[in-house]
Amino acid sequence: MNKLYRAEILSNKAVGRGYRRMKLKAEGIGKTAAPGQFVMLRVTRNLDPLLARPFGIFSTVSGNIIEIVYRIVGRGTILLSDAGPGDELFMLGPLGNGFPAVRKNAVPILVSGGSGFPPLYFLASKTRKRAVVLLGAKSEDCLPPKDVIGGFKKLSSQVRIATEDGSAGETGLITDLLADVLERRSMKGEPVVYACGPNAMLCAVSMIAQKAGIECYVSMEERMACGVGACMGCSIHMNMGGYSRACKEGPVFDSREIRWKQP
Amino acid sequence: MNKLYRAEILSNKAVGRGYRRMKLKAEGIGKTAAPGQFVMLRVTRNLDPLLARPFGIFSTVSGNIIEIVYRIVGRGTILLSDAGPGDELFMLGPLGNGFPAVRKNAVPILVSGGSGFPPLYFLASKTRKRAVVLLGAKSEDCLPPKDVIGGFKKLSSQVRIATEDGSAGETGLITDLLADVLERRSMKGEPVVYACGPNAMLCAVSMIAQKAGIECYVSMEERMACGVGACMGCSIHMNMGGYSRACKEGPVFDSREIRWKQP
Amino acid sequence: METTVNRPSMWVDFAGIRLKNPVLTASGTFGYGEEYAEFVDLNMLGGIIVKGVSIKPIQGNPPPRIWETPSGMLNAIGLENPGVDVFISEKLPYLRKFDTAVIVNIFGYSVEDYLAVTERLDSVEGISAIEVNISCPNVKAGGMVFGTDVDASYALLSQVRKRTRLPIIAKLSPNVTDITVFARAAVDAGCDGLSLINTLLGMAIDVRSRRPRLANCTGGLSGPAVRPVAVRMVWQAAKAVNIPIIGMGGIVTGEDALEFILAGATAVAVGTANFINPRASIDVLCGMEAILSQTGAGSVRELIGRVNQA
Amino acid sequence: METTVNRPSMWVDFAGIRLKNPVLTASGTFGYGEEYAEFVDLNMLGGIIVKGVSIKPIQGNPPPRIWETPSGMLNAIGLENPGVDVFISEKLPYLRKFDTAVIVNIFGYSVEDYLAVTERLDSVEGISAIEVNISCPNVKAGGMVFGTDVDASYALLSQVRKRTRLPIIAKLSPNVTDITVFARAAVDAGCDGLSLINTLLGMAIDVRSRRPRLANCTGGLSGPAVRPVAVRMVWQAAKAVNIPIIGMGGIVTGEDALEFILAGATAVAVGTANFINPRASIDVLCGMEAILSQTGAGSVRELIGRVNQA
């Protein structure tokens, strides 16, 4: 159930590549949090910047502690990076619908573009099935922090990296990796794709999955004001027509439900 | 000359009675600062609260370090109290016209109401003449912090305290103290009053000085936006008609120049 | 807390509707109640003004629909809603379970639309009043035209008036030269109350992509940034007419709300603040009570319109 | 810094006045230049729009004159100024020492007042243009009446037009239903340019003393809070008329300024931001240059009105 907390910051450390890792303490938050769900954090007690910021849950350290990993990209995340242990933040969550549970016969393929990895990391750590992890970025410095990649390696059967400029891993797009993995079908069981990243990348990934005729779940990013389904600000265009709310029906959707804007 | 600084906070300590003492480092700020002058401090890098806050200069620790003593009364001063050593603040100053130099034959009588003491403390510490210091407040917890009162005692020939509720010092208004001091004329030399505090109190003080036929200089508080004479927001009604700017012609005025609003 | 020592009386009479307290939630910022029911005991609210409903379902505008601005936000939701029938069959029954006034915000693209929704609602139970939105800046075809043309406003409102026994509240646009003209027109049309302000028409541009931040190009500005404009308009309108006013625009605290009451509002609505704090409406109520008892006021009613001009 | 690699060309032609760059300072927020000369090299500015001058000296309103609001401020200065003669004899000579355009903002309480100031200024050297303030919300007798009545605006502006050879810029009020009507009226009256926006009429109340925060009761809202409204109005006006526009309202950064340029402004003015940062005007200029070169624009002129609507 969604809750409003005054969460206490336990730690807020720079972990490289422009990312920070923040531990937040709030009674019971860790108990219900599921992979793909997110929290809304207010970054100031004043009125500018006004809106709370959404962040995917990266891990549950305990029943009362969650962790987020965020990238400093603007005023809100700069303020967040100024906060220190002991400071309190208004936090709302866990919010939204996460990834569906990984089925017995399924082989999860986690596809992360840019800073889309946090919910996938949570998923990898929560499912017993060893996942195939594909990490893509423009260049090395846009990849997840090293320790996060290390974590993925421990949690998965295989981690493959692609950068567009070849500064790390294989040169090319993450979609190339996905296509390759699906061709080989090296793993036994039903491959299921779980993806998070920029919408253009999610669109491409879902097309590949569709061609391959396999399930694909995507976590969508949209600007949010309320995070609880009230403002209708975070709408995602649906195939059935009309819109769904990323914060309420999403952020995770079956990729086939979404009306993708072809670039 | 006024300067715009990125001042570094050296310390920001609670000193009791709701006050904090902040040391600010800025190249050369201490060299020109005169008693009665003030600085404008921005309390955030964001846009709410928007305006800088004015604070009188309490002391010059060195040519590059000044000190202010501020009371936490609202959002801006709360933010200020959150700042820590190493943080930088946009600072403008020293601003305005301070108290006229204390003449040889003069006996300075410093009259402080509520949180009006900082510029008077600076004056006391800068003049060789030993001053008579009168401190008034509603109740004990509205008096200057203990260490500040201690400082006044070192710097002056006499410190008298009055509280309206009698919780400290003599019971009554500070104007009673002033009247009493002036009656006695115990001190040799020309008494000159230097006052800072709420406008109503400054009005009363100047009336007494006028009756006694002695000079009286008052530091006026008015809301300020720019602090440099551009916005015309801080106007003080003058006897000659029209307005003067507290930030530019003031904050210190000869009390006879001001058109007091009689309560 | 002092506040509980002698709790001030908070009920107000708004056009014959007795509200247990003056704190409502603003249309479009509180859904149909459900979304916030897990954070707020809806029974504590003076009332809920629901998201605008139209005769037919409306999809709304393409995203992006919102953008943050200094102490405010722009929105161009485009009045997405499931239509009045779904509202009545699926949303209203839920709201009726609570002991709070339900005010239904309506709009349309034509006079006929407005009248059809009005008639539909007139026949159902559990509605305290209808708030007629003649001021949505985000619907090209409708809303705004009425809200910024005084004759059109009058014509629309007097027709709506004829179609229902329910109290009707005209929600006015702030995007006008003289709010009092529209306030008087609403009175002449037989409205029982006024709501103001709706959002100010605004725009933001991404200077790198050179595109508007909203797919709709322009949107409605709300939040604390607009409060001074809202307080001024409520003050002007309250001096001009004798029907009660629901004041809104940037209310975040009880102090903010009392500014509107002193300016002449009988009730207030909390909007954007719900987004940054789901319990904002309750915090506003408690804040009002605290200040009232600190200042020794026996009831909130004493303060309505009581700003004393020096 | 990248910016210096290939510096974009920043000059603009504003109604025949060549500005070395599009960054001006807004009337009433930069005094007559002196106050900020110790922080800013005035030669770096595209121009200075001076504090409004009237035919006779004006004392202005009693204090308090200002109040801070969320991301903005209210002011009711009441157009305090020493009068046009003192301006010409004491302020102008100082300004003329700098290599920057001097635009004189004027106002009055009657048409005659406006015309008298205009004629007085027409005869002196060193003035690039006259900005006619028909929109000050803080002067009961004058200003606003013209600014919110299109016929009065037209009548006033066309008379002013006849009294001077100098380019005249109409400073429009944002407190109107349709800005384009007033923009067109200014064009018809023979104005050479437009300035918008002036402040939005607002109000704030001290809920404990129950008094308005400003002695004048209402005041003008300025600062970042109003920017979305200002950008929208500049965009609407730019589409409606072909004379150049000085865009202003909440500009704090170069990015903010470029929003106005893309919306259709040829130049911009920095106002309230000067108060929170005396070097704001220069920071805005540098910020614009930086973004222009990052985005590969050769000149600021390329961007004027170039917002592309999806």
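Read from first to last, the chains carry the letters A, B, C and D; within each, the first residue is number 1.
Methods note: a residue touches a chain if its C-beta (ideal position, glycine included) is under 8 Å from a C-beta of that chain, and two chains touch if they have at least 3 such contacts.
As the structure is a prediction and not an experimental result, all values here were calculated from the model.
Both chain A and chain D are touched by B, C. Steps from chain C to chain D, taking the shortest chain of touch contacts, total 1.
Ranking all chains by how far their C-alpha centres lie from the centre of chain B, first place goes to A. Look at where the CA atoms of chain B average out and do the same for chain D: the two points lie 36 Å apart. Remark: chain B and chain C have CA centroids separated by 46 Å (rounded to whole angstrom).
For the pair chain A and chain B, the distance between C-alpha centroids works out to 54 Å.
In chain D, the residues that reach two or more other chains under the touch definition are 69-72, 223-224.
The residues of chain A that reach two or more other chains are 47-49, listed in rising order. Judged by the touch criterion defined above, the protein chains are all mutually in contact, each touching every other.
Within the complex, the chain A residues that touch chain B are 44, 46-49, 75, 79. Considering their complex, residues 1-2, 4, 42, 47-52, 90, 92, 222-237, 241-243, 248 of chain B touch chain D. Against chain B, in their complex, chain D makes its touches with residues 28-31, 35-36, 38-39, 51, 59-60, 62-73, 75, 77, 80, 223-224, 252, 272, 274-279. Residues 69-72, 74, 148, 175-178, 200-205, 207-208, 210-212, 215, 217-219, 221, 223-229, 231-232, 235, 250, 255, 258-259, 262-263, 291, 295, 303, 306-310 of chain D are the ones touching chain C in the complex. Residues 47-48 of chain B touch chain C in their complex.
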